[in-house]
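Here's the structure, in structure tokens; my notes come after.
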Amino acid sequence: MHKKRSWLFFLGVLILVGVALEAYAGDPTGAETLKKDPGAPVDYVWILVCAFLVMFMQPGFALVEAGFCRAKNAINLMMKNLMDFVAGSLVFFAVGYALMMGKDWHTLIGISGWFLHGDAYDVHTYLIWIFQVVFAATAATIVSGAVAERIKFPVYLFYSAVVSAIIYPIYGHWVWGGGWLSKLPFGVGAVDFAGSGIVHAMGGFIGLVGAMALGPRIGKYDDKGKVKPIVGHNIPMAALGVFVLWFGWFGFNPGSTLSAHELRISVIAVNTNLAAAAGALAALIFMKLKVGNWDLGMTLNGALAGLVAVTAPCAWVEAWAAVVIGLIAGILVCLSVLSLDKLHIDDPVGAVSVHGINGIWGVISVGLFADGTYGNYTTKAPYVKGLFYGGGADQLLAQLISAGVCIAWAFLMGWITFRVAKAVFGGIRVSAEEEAEGLDYGEHGGNAYPDFVVSSYQQH
Amino acid sequence: MHKKRSWLFFLGVLILVGVALEAYAGDPTGAETLKKDPGAPVDYVWILVCAFLVMFMQPGFALVEAGFCRAKNAINLMMKNLMDFVAGSLVFFAVGYALMMGKDWHTLIGISGWFLHGDAYDVHTYLIWIFQVVFAATAATIVSGAVAERIKFPVYLFYSAVVSAIIYPIYGHWVWGGGWLSKLPFGVGAVDFAGSGIVHAMGGFIGLVGAMALGPRIGKYDDKGKVKPIVGHNIPMAALGVFVLWFGWFGFNPGSTLSAHELRISVIAVNTNLAAAAGALAALIFMKLKVGNWDLGMTLNGALAGLVAVTAPCAWVEAWAAVVIGLIAGILVCLSVLSLDKLHIDDPVGAVSVHGINGIWGVISVGLFADGTYGNYTTKAPYVKGLFYGGGADQLLAQLISAGVCIAWAFLMGWITFRVAKAVFGGIRVSAEEEAEGLDYGEHGGNAYPDFVVSSYQQH
Amino acid sequence: MHKKRSWLFFLGVLILVGVALEAYAGDPTGAETLKKDPGAPVDYVWILVCAFLVMFMQPGFALVEAGFCRAKNAINLMMKNLMDFVAGSLVFFAVGYALMMGKDWHTLIGISGWFLHGDAYDVHTYLIWIFQVVFAATAATIVSGAVAERIKFPVYLFYSAVVSAIIYPIYGHWVWGGGWLSKLPFGVGAVDFAGSGIVHAMGGFIGLVGAMALGPRIGKYDDKGKVKPIVGHNIPMAALGVFVLWFGWFGFNPGSTLSAHELRISVIAVNTNLAAAAGALAALIFMKLKVGNWDLGMTLNGALAGLVAVTAPCAWVEAWAAVVIGLIAGILVCLSVLSLDKLHIDDPVGAVSVHGINGIWGVISVGLFADGTYGNYTTKAPYVKGLFYGGGADQLLAQLISAGVCIAWAFLMGWITFRVAKAVFGGIRVSAEEEAEGLDYGEHGGNAYPDFVVSSYQQH
């Protein structure tokens, strides 16, 4: 408990510094902003509606995760997905936003906007905050799937707050907040339109660290190392979750123009949809050829893989390229899921494969398929051009560096976070008894489905 | 049956009077409206999209209620939540809208716009109607949770129509339609930005009347008066419902500017999100300290409590104040749920605590935290200023009066409605046999989950 | 397999022809489009958001279908609803869009825009594509319900691709793409505002062909021809689906103005909502009088019937007419469901009755209730006026012709498609063993609910 207090103390100091640096001159009513920019209302509507759609991805993730896991942990899984958004909102309000989108300090971190107070009490700052917070929470919630069914609830609460407060915002600052990766002297600097790397790969690789730190669920691999599938308790629930995510992604990607005056939003929406479809189709066919069944679970993950992969390039490619990117993503996710199982890394919902691997693929694909017709909204650079369109390897190099840094940062910070959690909470994993009985009973004193008779064969 | 006819007769008379009063000069195509206000399209898009989001709260309420109740009543609960929107839409079309938003008559009721006919066949009137109808239906559906698992279906149909046709619109007129509460000579008159009082407290306290009139469900309190928890049959369903409501609230609150040219919408969205998060966190911690578990049910209700509370003040406070309002709401909802159980008032989903108590808290909080930077859209008053910002106790007084009137009106009209229902339908509660067997069988001749084996221990 | 290749070859030829016809002069960034039309952003936001809402109808259909069918087929049903959108997106990208909305060729088909390439790489073309693709996928997914629980998965994949690639786009071209039905010399030509006929009746009647081609599910009718109801495994899931569809319909109908500058969007939203409510109420009362229960299943279908019926006339009628159209729809759907059962046509979710019959009713109702206040956006005709408003029988005649052509085209093309499928896939229906065991096991090697004990009585 005293350790928590010292962290709060550190937080307090940070805040005071931040407050001291600020003047007070925001536009809290929006009257001045409207006078300066009479076209602002449509941009505000666009960004807000898209933010709401991205927020709605939270239940999408919850449904996917709970559906793909067992009934005995369903309360715990919903709780985790609720609380990462709750904790994420509050810490991103306090510090995360300032670190990410505040005034740049030596291209490393942002240093203004703490608690949305002072200068930050401004309609435009609040607007950007609501759009950014749902991205931060997405990064945090991705981790959830990889550590499902065995992590202690307070540990989850702790690290998901750290992800939204520190890990995600700092890497985010490097690419979106004017940090050093955006200023790389290759191509137009590293770019990531809506966050294949910043949000998805970051979440996916922190999830990988978590899955490795926790070890596999009891019973996932038998004595001889063979995989014994643990199947989800409610597949239609998981399918619903994927539909919800697909829907929410129409806020995630097109909304990232941060302006409705960029009519390119229609192209982004089309690319998003086509990559998802292509990813699903590729995974469906791959699994049919490989396993012989029309596998719904992998087809759903294929759709998500396509969505993750197209998130970085969506604004800079033509429709056919989105299809190609999605097709490759659908195959990558299958290969990755099969490989992780061979390595005995137990990722219950495929979060590492969907978000980690395909997040990286998305970042790289920009360096290949960007067709040079559209600029980079953030840096105001006129064109992003990839290898296949005569842009040379420059942009690709910037993308590769950014991808490498993303993975390294996720591993480093993830490792530190789980080490700290281990020390503070006396271990990060629930007891074997609790795991067998279900976390719903152990952590939450409940039963998700008390009116139904539950089958025993999947309980252990 | 003849009683129903006499009510229809009364309705007919009302309509004829209304029609007689009207001239015919609306703008049904919108061409003239557009000419007068070329900026209208963005406002129409904003209001419509927000209205759609609020409509989507209907399944949110349905999921919460069904998830927190038993499998044997699941059809009944979905039916109720469907039909209050159905009946609400039709009666609000016929009379509710006119009473609430029609031309003011002595600050008591509105008297034009019946059946959206005549002058009311106008793009702007239709626009306001679609936004208002989803609020009316929300008020009606809130009641549903408090009377769940024991009310006769036709009684439900009757009183939910009365709520949307009469009870809600008249109080709504007093605050939003230019009625006497909005003209109180304290502060800027009573205000309620998006309806903490008008929608939520109204629904919550009618629900309290209903829960008291019906009495507790069989088995909820044992012979010695001890609470025997009746747990919900599908907790992930309830959690999904809360996520859906949170999402829909982004239409409820920011949409209540009724204009996208009020860029303050971004501040409102942020406040809405932060209050929800703070409410959830407060309830989580409160229950952990009080009961020892990480309680999902109360955490979900904490999030809703934060949302309800911030609904009145969302446009007039800074982000940190939204957090404080939400934290208090999260604690209030826990205290209220525990207290109602001590009083043996059986509110199956906590509707009274979430919407009633926190609706009132929201109305009052305006008088404390309104920071004086933003005006009141409805009355065009320049500032709403609460006690903590040097506004004195004037605004607080107006808010307290409005809160008191809300509670009194809900009790009076709720009591009359349930008395009438008792007389008309020969009692308002199903038989003990039907209650034990489940309302799905008794009222609807069905079974929500025929393919699953149902546990017996919660049946009685 | 070689047959598939020959189809691909044909496709390839078609593409080459298409590409050869095109010049390259689109506006892929939107900069020029914005310059020419500074009011475009609000239209883009409106159309995109509405498209997203319509896309969200996909999970709505999935939930309704899965909820109303049995647990043993739940994976299959979610898979079908996922894959029709996946396949639909890809084929509509390749050929469907070009056939429907491309440059008109002798009022029969469109012939430009293949693969969204060349000239079609343009923000406006992409915008219309994303709006149209979700309509195409809706037509395809409607069929799914009628053929549920017995169709081979690859057959489903095949014909749903054909619907989105060919059948739907060609009839769509005739009404919306400048084809011959829109040029009929009666009234303003055949009109269908948002697709009661084009989308719903088309899907519904192809579904009827499918249901007839497949024959009823084993056990649906006993030896004496009596109906033995097969009830859905999760009624709340179906109810959630209807709420989701109702929500999505607010994109479907108002979005079909394809412009936010048509302020009539508010009237369309109101009419949509009221018809749904009226349909639900009519079905509720009809079933109560006919069967004696408050039937949730039929009430849900009544709401959908109202929505389907109002889809064609929504822009051209006053609110009270929407109520009347909805009331009739709610009764029609009940009568149709009862009649189909008498004919031993097994339509598990009532798709034919909801979408087929009421789609036709919607198309016809335009010729009756259109009040002459509003024009036809597509043809720029100033008024659509029906019989009851002194428009004579001209418009009604155009509507009747269009309805007849819709049914004929659906039957003809549906029949051909299922014949081809039968030949290619060696039959269109799964074996009796697989049907008894459930398609989840047979086609997908899975079990939707492995943690729950399943009741046996509905398995066969």
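In this document, chain identifiers A, B and C correspond to the written order of the chains, with residue numbering beginning at 1 in each.
The definition used in the following text is that contacts are C-beta pairs under 8 Å (C-beta built on N, C-alpha and C of every residue); 3 or more make two chains touch, one makes a residue touch a chain.
Here the structure is a predicted model, which is why all the values come from computation and not from measurement.
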Worksheet item: In this assembly, which chains make contact with chain B and also with chain C?
Response: A
Worksheet entry | Residue-number overlap at the chain A/chain B interface, same or different (half cut) | different
Worksheet item: Cα centroid separation between chain A and chain B, in whole Å?
Response: 34
Worksheet item: In chain A, what residues contact two or more other chains?
Response: 42, 45, 49, 234, 449, 452-453
Worksheet, complete the sentence: Residue set of chain A touching chain C in the complex reads 39, 42-43, 45-46, 49, 53, 70-72, 231-236, 239-240, 242-244, 246-247, 250-251, 254, 260-267, 269-270, 273-274, 276-278, 280-281, 284, 291-297, 299-300, 303, 318-320, 323, 373-375, 449, 452-455, 457-458
Worksheet item: What part of chain B is in contact with chain C in the complex they form?
Response: 28-31, 33-34, 40-42, 44-45, 48-49, 51-52, 55-56, 58-59, 62-63, 66, 74-75, 77-79, 82-83, 85-87, 89-90, 93, 115-117, 121, 123-124, 126-127, 129-130, 133, 153, 234, 237, 443-453
